[in-house]
Amino acid sequence: MRSNSKIKDFKFFTELQVRYEETDSMSVVYYGKYFVFFEVARTEYIKKLGFNYIDIEKNGLYFVVAESNCTYISPARFDDTIRIYTKVEYMKNSSFNFLYLITKINNIDKSETEIVRGYTVLVCVDNTNFKPKRIPEYLREAVNNFEQYAG
Amino acid sequence: MRSNSKIKDFKFFTELQVRYEETDSMSVVYYGKYFVFFEVARTEYIKKLGFNYIDIEKNGLYFVVAESNCTYISPARFDDTIRIYTKVEYMKNSSFNFLYLITKINNIDKSETEIVRGYTVLVCVDNTNFKPKRIPEYLREAVNNFEQYAG
Amino acid sequence: MRSNSKIKDFKFFTELQVRYEETDSMSVVYYGKYFVFFEVARTEYIKKLGFNYIDIEKNGLYFVVAESNCTYISPARFDDTIRIYTKVEYMKNSSFNFLYLITKINNIDKSETEIVRGYTVLVCVDNTNFKPKRIPEYLREAVNNFEQYAG
Amino acid sequence: MRSNSKIKDFKFFTELQVRYEETDSMSVVYYGKYFVFFEVARTEYIKKLGFNYIDIEKNGLYFVVAESNCTYISPARFDDTIRIYTKVEYMKNSSFNFLYLITKINNIDKSETEIVRGYTVLVCVDNTNFKPKRIPEYLREAVNNFEQYAG
């Protein structure tokens, strides 16, 4: 289930700086915080496609996480610049996934080192009863166009 | 505005253990996490009075925080046992406050050291429009009885 | 990699109440918070074996997470009582895992419903250079005794 | 103690988008998260002055929070753009403060609405024994220059 995607396989990334709050007593980013970084990345990815998660919610849908996974290769520390690559790999009827690859950017030479990989499986549900609903066509098309999938 | 309340002035406390997630790169509890501990204490305080915050929400009210304050005396660290004393000091028409005094319990001799003081001012609001509403009488009475205020 | 362990396969659990801070705009526990609950459970598990993670750190070791995984079956909400079952399934030279099964306890009839499953793979490392080190024998023995593994 | 500073009194601000993780069951930013936003702002403020908090720590100092305060005027919600104005108001021998004023930026007309005010008092301490130390001259001068104080 672990992805072998390389940086060049991703068409989208977003960056952030590690906050002090996100570190723990080992002086590294707490392992659970990467799931927040994944959330930031998929929010930005959806914006990049021209949509807004708030509008999707207003149209009666939630995207709930059905599974999440993270593999830790190397730690990040306070104020590190990290880059989160993300892409949708598949879209089924009501579920789809996001792959993530996080790198740390060296402040001096701008080189990047892979530090984390992960994925989340999301399910599109009705926001009143949490029952699965078909992923809206506009989102399906936008992903296929952006990722250049055959749709 | 800083309280001079002593431990003996509090009729209620709750305890918890510091989680690894709550520490930061200085190996101490992150300053913002004490506001979560305050929340835990006031939730338990309301339960102690015989009510449940969920039921209060279901009856159309939210208690929103209007002001929060924390004074840090000494740090807490991972797995420390901390005791959060709390009490309501006043209840106006729609606003009331909680005072907090946090101590650290020594694991060996059970002695306690004061580490944090704080307060939060809450406002009772309608949960549809966030407009102030009068604090329900049942809560007002319960606080007055518990704290032995003249009501 | 997903575990089929049932409640009866676990010899240890710990309980906690969901904090308001742990919920999100969907009025359910944020998906990343379950990794904090996993941390609480493995800290208590190690205590149950008679050890203290702080002492392990003082002896020059860190247990760093190499992989984490969570499968979400049903949501938890504010003030829900959740029970986190956990066990060590294997111990290699320097790495070992924890399995988790989380249930929600009904406040009235005390029945429990499975809501989350997960695991974390941990690596025992030197706390100065983060290089893998052999898991201490005292911990290995304690786990084997507690879980009644053949060692 | 509450500041009357207006937007025009601040020479520095930084912006961020509210993350889903930062919201709670009331669909607004959890009250304790603003202290994280304050941290982000003062980190960026110090960078703006030409310094890096990591380098300050490497030189043997910590800036620990002695008091924090937040007044909530209006809520922020998921994906809102918020702007955090900050400035140092005073520097004593070892302690100094930051004032904060947070506004929400309307996505359409870019108008801004004040939503939160706050302050933190920090103390410069030795990072081995947490004893107060004089604030370094380079930082004192940089603040005085930036804020155009008489020094």
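Chains: A, B, C and D, in written order; residue numbering restarts at 1 for each.
Here is the rule we go by: a contact is a pair of C-beta atoms (placed from the backbone, for glycine too) under 8 Å apart; a residue touches a chain by one contact, two chains touch by 3 or more.
Nothing here was measured: the structure is a model prediction, and the numbers come from that model.
Q: Any idea if subunit C and subunit D meet via the same residues, over half in common, or different ones?
A: Subunit C vs subunit D: same; shared/all numbers exceeds half.
Q: Comparing B-C against B-D, which pair counts more contacting C-beta pairs?
A: B-D
Q: Using mean CA coordinates as chain centres, what's the gap between subunit B and subunit C in Å?
A: Here subunit B and subunit C have centroids separated by 28 Å.
Q: Measuring centre to centre with CA averages, how many angstrom lie between subunit C and subunit D?
A: The computed centroid separation for subunit C versus subunit D comes out at 36 Å.
Q: Could you please state the distance in Å, as a whole number, between where the Cα atoms of subunit B are centred and where those of subunit D are centred?
A: Centre-to-centre distance between subunit B and subunit D: 24 Å.
Q: Which positions in subunit A are in touch with at least two other chains?
A: 20-21, 32, 36, 39, 78
Q: State the interface residues of subunit C toward subunit A in the complex, per the touch definition above.
A: Against subunit A, the touching part of subunit C is residues 1, 26, 31-33, 35-36, 39, 62, 64-72, 75, 120, 127, 130.
Q: Name, in rising order, each residue of subunit C that touches subunit D in their complex.
A: These residues of subunit C touch subunit D: 20-21, 23-25, 27, 30, 32, 77-78.
Q: Tell me, which parts of subunit C touch subunit B in their complex?
A: 17, 19-21, 36, 39-40, 43, 52-54, 78-79
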